[in-house]
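What follows are several structures.
The two complexes that follow have subunit A in common; it is paired with subunit B in the first and with subunit C in the second.
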Partner chain A sequence: MNAASTRTRTRTRARAVTAAGLAVLLLAAGVVAATTPTAAEWEQPFVVHAAIGEQAQGRNIVATVRDVAIAERLVDARWRSDSGGGSDSDRARATASADDTAALRAGTPGSTWVIVDASVAAVHTEVGAILGRAALIVGERTYVASNRPAVFTLTDAALSIEIPTRGTLVFELPGDLLADPATASTARLELAMHADPRLDSMLVIPIDLTKAALLDEVQLEDAQWGERR
Partner chain B sequence: MTTDASAQAQTPAPEPAPQTPASARPGWWRRNALALALAAVLLVATVGITSWKEWSDYFGTRPTQPTTVDVGIAAEFGGASWQLVDVLAGTSDDVEQIPEGTTMILARVKVTPGAMADAADTAEGAEGAEAVGAAEAAETGSPGCMLRLSEEGSGREWHSAALRPIDYRTTPGYESYCLPGATEPYLLEVPFVVPTGASGELSVVIEVAQLLPRYLRLALPAL
Partner chain C sequence: MTAHPPAPARKRPAQWTRAAIDRVPTKWLITAATGVFLIATAAFGGLATAATPPATTMRVGETFTSPQLSLTASKLVLLDSLDEFFITLEPGERAVAVLAEVTNAWTEPQLAAAGSVGVRDVVALRIGDRTLGSDEMVAIVRTDDPQLSPTLQPGVAAPLAFIWAVPAHALRAGDELTAEFFTQRLYTGKVTVSGQWWDDPALTATMPLRAEERAALSPAPRPPDADESERTR
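So, the complex of A and B:
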């Protein structure tokens, strides 16, 4: 009698323990499933923040953004932003639509240029070291640096260890860029070695476009490699 | 469970237990010992084999096994003999075309395709694979290669600066790239521009794609 009741109690306790264990396992599985990072999360770039004028250093990229300006027109030795005709690659890209091609040839009326003056260098290896990503993010939109100018800009510039290449990055944006000051004041510049910045350092520089100098025309020069006498 | 069972065994039972007392049976761990041991072995083997495969693929395609050669010594590699014959260096004070605070290093390397005779002189190299490489090269000429400048310790690596705006032209009589398929000896000349501080333990790294992960390091004299 005594032994039988003990046995029943033991069995009940064992069942309770099993049920509790199962519940804990289910709960744990749920927590793991709910909190597992997505690919976008575990592949995200290693972000390094820096302000304008400050040096930002990542794994194999170091950069300083010196100045940001906004201009209506860009001019270099062989190209004007308002006289039409992008680079060959731009034209090739635009062949999809005759309208686009016409628009490019006629220039892009109503566009505004954001000009970033920066210097960029590699840190420990020159193998594969180029400025593959230079993007300006304004609100929801991402603009990559233009390759329309004829001069050497910093776009895709080959980087040297400790020898900064100084030049410009130009971004072509819609003319109503400053219409929404809240968005324009919280733009940011992203610089990285690969066009796809995942799993490597990405330098992020916040840019307040509402505080940038407004110019009619900017003359572009070739990027310069190192300090010269 | 076991405690309960032993407690039960201690209690004076009115009737003898019909079965063997639970305490006498071997425990769950003991009964499953063999399976558990096998599972442990399998777990270790699975993790080991998978990681080894991943790491060997990763390191096998990258320059991870250097053969380091002292200054000016000829070394057999990839079916050719490589020898640093000359190094010219000048800071930005002397060479006005290069950026401030930098040093230009001009490394000259003699490449002798299929130099089996030289292999015997070299202490390094001349392993089995080298001999095979040399035999192949005797038919196909010297291999194509990639040249870099590397700094021991810091691990910094420089590309040739031949395409930089420094008004550099390869000296007549020298080649600026490896000549795949060459059967006659030739001289390579590669310019590097490094920050002036970087002068410790520099070497020219020669990589032949087919021979990775092995590569050659020709030590440069102290600048």
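So, the complex of A and C:
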């Protein structure tokens, strides 16, 4: 009788230990699962922060953003933002086959351009050294530097070691860009050597678009090798 | 070893239930579960293909919207030349293009190119019993700049042309064709794939369009310094 009750007590204790052990294991598994970094976290770029006017240097990219402006229209020698390279509206009307698309041909009414004046250079190799990622993040939206202008912008330029290429990056944004000042004031520019910036340096420059100069029209020029003084 | 305490005269409900379940043969349980599964499947239409919602018919000028982009088709044009985009048509072929104003409704830029999944899968063209889709597409261009394979920035409208090649005698001005518009789902890569992309196109809307002749999608490139006087700086 005594032996039987001891056996029962031992069995009860063993079960309690097993249950407690299982609970601890489950808890540990939960903690590990909840705190494990995601792919987005362990593959994230190495961010280098800098303000406008400051030099930011990463693994193979060094850049300085000089100035930021906002313009209604962009113009270069062979292209205008409001009517493309085709023609102005008068010529479009004169072209019999084109008049019916006058609405489409009027370009993209309502878009606004953010113009970034910057100089960029490579650090230790010129192989494949181009500005692969130039993105402006405003709120949840990501805009990449426009390739619509006919001039050479910084996104087309090959970068040299320690000799900055200076030029513009232009971003096409909706016309109501400044409608939400809270979002527009916390924009940021991301510059990196590869279009996919993961696991390499990415320069991040905060930009307050509400403080940028507002211009009607900006004439674009080719990016230039060497710093303009 | 298996010394059970003597069974009490009256079993408790839990013990009784357990004893009852123990007496049900496993085969019965499996049969019952299969039956329940089959009845549940039948309740949702069995193995018959689920009915897809019918595509709505739109009129010219109406806007097709989806989480990926919004698109307002305006014209269907027949062209002999795509020289301004440096595209050469095969001898005996003409180009047919759907002109549309397209606005990227997503938060990321989207490349509109015939060789890149995403935007190209939104538009198809039905000619008789044949459908020209993204596989047959020659190019997507921006008609104002003009530019081949443009990037669509979030929230910014762009005048695009979706272009296919057809045999020269297949179409003439006045023919009515049907443009098809597709809604796609946003996929996010996991484990072995990274990034996000639009895929799984589902036919959502159709629009009848009448073909018309056109010499070119864009007028001749403007000469340099054409309107120097307009510039302010």
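Here is the rule we use: the second predicted complex is superposed on the first by the 174 of 229 C-alpha atoms of A that agree within 3 Å, B and C clash if a C-alpha of one lies under 4 Å from a C-alpha of the other, contacts with A are read in each partner's own complex, and residues count from 1 in each chain.
One rule holds in what follows: a contact is a pair of C-beta atoms (placed from the backbone, for glycine too) under 8 Å apart; a residue touches a chain by one contact, two chains touch by 3 or more.
Since this is a predicted model, take the numbers as computed values, not measurements.
A.B. asks: Under the stated touch criterion, which partner chain does A:44 make contact with: subunit B (first), subunit C (second), both, or neither?
C.D. replies: The answer is neither, since A:44 touches no partner chain.
A.B. asks: Scan A:185 for contacts with subunit B and subunit C and give back first, second, both or neither.
C.D. replies: Neither subunit B nor subunit C is touched by A:185.
A.B. asks: So, A:210: does it touch subunit B (first), subunit C (second), both, or neither?
C.D. replies: neither
A.B. asks: Give one of first, second, both or neither to describe whether A:146 is in contact with subunit B, with subunit C, with both, or with none.
C.D. replies: It touches subunit C, and subunit B stays clear.
A.B. asks: Is A:55 in contact with subunit B, with subunit C, with both, or with neither (first, second, both, neither)?
C.D. replies: neither
A.B. asks: Using the superposition described at the top, determine whether subunit B or subunit C touches more residues of subunit A.
C.D. replies: Residues of subunit A touched, subunit B against subunit C: more for C.
A.B. asks: Quick one: in the complex, what on subunit B touches subunit A?
C.D. replies: For subunit B paired with subunit A, touching residues are 1, 4, 8, 11, 13-14, 92, 96, 98-102, 148, 154-159, 161, 164-165, 193-195, 198.
A.B. asks: Tell me, which parts of subunit A touch subunit C in their complex?
C.D. replies: 4, 39, 43, 75, 77-79, 83-88, 91-92, 95, 97-98, 100-101, 103-105, 107-111, 140-144, 146-148, 171-174, 198, 215-219
A.B. asks: Subunit A touches which residues of subunit C in the complex?
C.D. replies: 3, 74-75, 99, 101, 107-109, 142-147, 150-151, 153-159, 191, 194, 214-216, 218-222, 224-227, 231-233
A.B. asks: So in the complex, which bits of subunit A are touching subunit B?
C.D. replies: Against subunit B, the touching part of subunit A is residues 2-3, 6-7, 10, 14, 124-127, 158, 160-163, 225-229.
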